[in-house]
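Quick notes on the structure that follows.
First chain written, first letter: the chains are A, B, C and D, and each begins at residue 1.
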Amino acid sequence: MNDLDTIERIKGALGSRIVEMTNPAPGRIFMTVAVEDLVSVMTNLKRDLGFWYLATISGFDKGDAFQILYHFGLEGGNLNVRTQIPKPAGPDGASADKTAPHLPSICAVIPGAILYERELQDMFGIVVDNIPDPRRVVLPDDWPEQNFPLRKDWKFERPPEVIPGGKK
Amino acid sequence: MKFSIPIGPQHPALKEPISLRMTVEGEVIRDADIRLGYNHRGIEKLAEEKTWIQNIYLMERICGICSHSHATCYVQGVEKLMDIVPPKRALYLRFLVAELERVHSHLLWLGVAGHEAGFDTFFMYTWRDREIVMDMLEAISGNRVHYAINTLGGVRRDLDEGLRQKILGQLDILRRRTEYYLKIGANEPTFVARLAGVGKLSKEKAMDLCAVGPTARASDIARDVRRDDPYGIYAETPFEVSTADTCDVLGRVVVRVKELFQCYNLIEFMLKNLPAGEVKVKAPRRAKPGEVVSRYEAPRGGNIHYIVSGGADKPERLKVRAPTLANYPATVEMLKNGFIADIPLIFAAIDPCICCAERTVETVDLRTGEEKVLRFSELRALAKERFDKNPRKGTGLWPF
Amino acid sequence: MKLAAFLPELLRHLFKKPATVDYPFQKLEVPKDFRGSPYLRPELCIVCRACERDCPAEAIDITSVNEAEKKFKLAIHNDRCIHCAQCVDSCPTDAMQMDQRFEIAAFDRHDLKMGWEFVRAVVKVKPQA
Amino acid sequence: MAVLKTVLYLIVYPGILFLFVYATFVEWFDRKVYARLQNRMGPTHTGRFGLLQPIADFVKLMSKEDIVPDKADKTLFTLLPIFGLAIVATAGLLLPVWHTNPLQPGFNSFPGDIIILLYLLSLPTLIFFLAGWSSTNLFSTIGGSRVLTMLFGYEVPLFLAVLSPALLAGSWRLAEIAAFYRQHPLLILPNLIGFAVALVCVQAKLERTPFDIPHAETEIVGGTFTEYSGKKLAFFRLMTDIELVVSAGLLATVFLGGFGGGIFLGFLQFIGKTLAVIFLLTLMRAVTGRIRIDQVVSFAWKYLAPLAVLQLLIVIFIKGWVL
């Protein structure tokens, strides 16, 4: 199936919910939707268009906003559904729960998304609403609160290397 | 009687740390929970601080077994960002190594499956024959595990004629041995009895839980990135997607053995049609701003790298999704209603590569039945306390 | 399905030579392009710092000892080295080379460090591919 | 003189000294053959051909730190390895290897000693179960319950298979049974089915692949021995080795005609026949994978028990119509 057909099918099914749609390279379709439409778009993609294989969800800190990409694998290419959520202002903006960025969970539609959503919570401090299992996934249990490693303002200071043993 | 048994983080069946918590009734598993994070190394964050060229080697260190997969996935993405096209010969060599790696990974997995089923002889024989592939890879690239054959714009080493003939010759041995193992695997009753009907994963469940690779293919889902989204030279090479419809561990064995034969055909094709020419083109130090999604079929399933460049000599964001992570939800599903004895087999059947998927110790107080999770620092304090209370008697010289 | 399918193969191997070697006493040959540890040929080094910049493990340090005499010190931290041979590829004058050693364990990490003090060489840079 | 002979019998041959040395040799033999079947080397460096490797392992374990879990039943936990070792060593004394005159019963050879020997060989299984249970570790507990479950599978076929030749010989005394088959070597042949069944059952009793379910390392870590370390583990390992020797000796006595022909010839026969049995056991270990616990029980009752009954029927038939 070539890209144009796929784009037509998606456009037919989703209609005005698509904010933007690009096709920068063969087999790569990028599509932007609003956060509010995310769950309904996912439902349509899976139930009506048969895009069952969610490869991963990748977050990206753009400075003023988080960009969340849902990568779908298709026969003949892949579809990347992009959505953006505003990033709370200030380096400690995430400390209050009200200002923390929220994202709806798509686990009800695609159960296999659970680990990726948990990873988003760990790494970006994005609160995924209605997630079935909100525990930490990759960070240790004694990891300090409000430290989200993949945010751009989080810097890791490497401690000076201490090599045991003396120089002969 | 219901109780929960911890498998891992340290367990003889797992070569890498992961914690599986099983709720069992007698010998039957009722529920399973997977806890990750024991091997998280922060590679995605680290990648943002390294240059494009340094990141090749960082990507290689994501995993030992499929080191070439991650490096290739990354390199072909960055090449798209940099707008360079590697020469034909370089691509052939790159995917030659990729297919050899798949052979070594699948042979390794066959041996591990034998070992998990207590069939150690099978394990020893498959691993002995895996040495042939390892030696080939060592001769091609200079190292047995981290081949480091990729570079931006091609490959780093050329293949000479003598080595090409040697590999073609040894391919026959491998093919013969694989046929033999297929025969053994299908005939040894104690082995087959352990594999058939174990770890069922229906097609619908596999689709819901986004399973990838041989796990999905054994559930009759013909998915292979090499065919769905052909990268590199796969559009011009002959191969078929191997599937099985038994949906169990035996099916996963069959899929992998079938794939081995496909690999031998591919390797033979690549070696026989190896084009002449340069093996690399010069790569710039900076990439143009942009984003790229790179997919690759690793031995365990589809790899996906999402690379964002901001125009500097470093990536803005590098997201890595390894196939094992995608298979965890499916594993939990497979484990349910299995036997304790099948845990290692089912878990091994997805060919888990925990350090790929990632990037505390649990104790149960038996008196109170209360569970608590000890962190490493607490554990150390406990050990020290115990040592201080019971100093070692004598100097450790037996027996006096 | 037949009982003990493996048996003939096993009995045949009972009197065969083992596939393994008696490792610390007998060693297998490594292939000729084996990537061992990096070392420097100081007479060729022009201190372009390409290796230092490209080393993924930050295992190479080049410091200036004496600016006037153009004396430099290059240290290879073999305890950090990941043996990727990128320094060999990056070097424009073949000053960096790989040897064939693979048994490089030590009790002290300091023993693994190697250093060279040398005067900057003046060599013609090889053309890049 | 008789007292000296008895002391020698108890301590040197086939008493604890000989059993210790021979058991370590047998472990070496088992490991070496297993390794060679797998195209490996096996032990090579401790002593000539690695002969001293099992002894070195034993010494190493003896010098290791000995840990008893806090919640374990400490007395039982400590005593079990010693009991186990004592039981299998006692069982070793009952093997008719030396100064056992078929005509003259003694303290080590009496009517019914085959039953005593079989029961002494059953006790280690109970020891394993108690060891698993008393260490209170989860894996040990599962291992312990698996030990008992397996016992129900193989014990009956083993008894039936071992007692059939005794029935044919018309004696419950090992020395007499062996002497009977030395006189009628052809009668060994009808017992071959029983020999095969007994081999499989002994393999299960010794918990070796395909029946190493109670301590399947990839499933339940060390199984019954998870919490054992140091000296206690060393004793358990020695116990398993001696049990292997004694079981092989029992099979050789009952099915292969025992070890007659004076002290030296008898000694050589003992070594030769037990090693032959152990070779078969090792071969079985190498060609199979581990099966599941439910498969063991169904296998034992579907195949082993009927075969053992068939053996019994053959013996009754021969005894009634042929002899």
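Please note the rule applied: contacts are C-beta pairs under 8 Å (C-beta built on N, C-alpha and C of every residue); 3 or more make two chains touch, one makes a residue touch a chain.
All values reported here derive from a predicted model rather than from experimental measurement.
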Pair sharing more residue contacts (C-beta pairs) when A-C is set against B-D: B-D
Chain B and chain D: spacing of chain centres that average the CA atoms, whole Å: 42
Centroid spacing, where centroids are CA-atom means, of chain A and chain D in whole angstrom: 61
Mean-CA-position distance for chain B and chain A (Å): 24
For chain D, residues contacting two or more additional chains: 37-40, 286-288
Junction residues of chain C - those touching two or more other chains: 4-6, 10, 19
Residue numbers of chain B (touch at least two other chains): 121-122, 125, 128, 188
Pairwise touch network: line, ring, star, complete, or other: other
Chains grouped in pairs wherever the two touch, ordered by label: A-B, A-C, B-C, B-D, C-D
Chain B residues touching chain A - in the complex, by the definition given at the top: 36-37, 40, 42, 44-45, 80, 207-212, 223, 225, 228-229, 290, 292-293, 295, 302, 304, 306, 308, 316-317, 319, 321, 325-326, 328-330, 358-360, 373, 375, 377
Residues of chain A that touch chain B when the two form their complex: 24-25, 27-28, 52-56, 58-61, 69, 71, 73-78, 80, 110-116, 123, 136-142, 149-150, 156
Contact footprint of chain A on chain C as seen in their complex: 79, 107-111
Touching residues on chain A, where the partner in the complex is chain C: 163-168
Residue numbers on chain D that touch chain B, as the complex places them: 37-40, 59, 62-63, 65, 71, 136, 138-139, 142, 209-210, 212-213, 216-221, 286-295
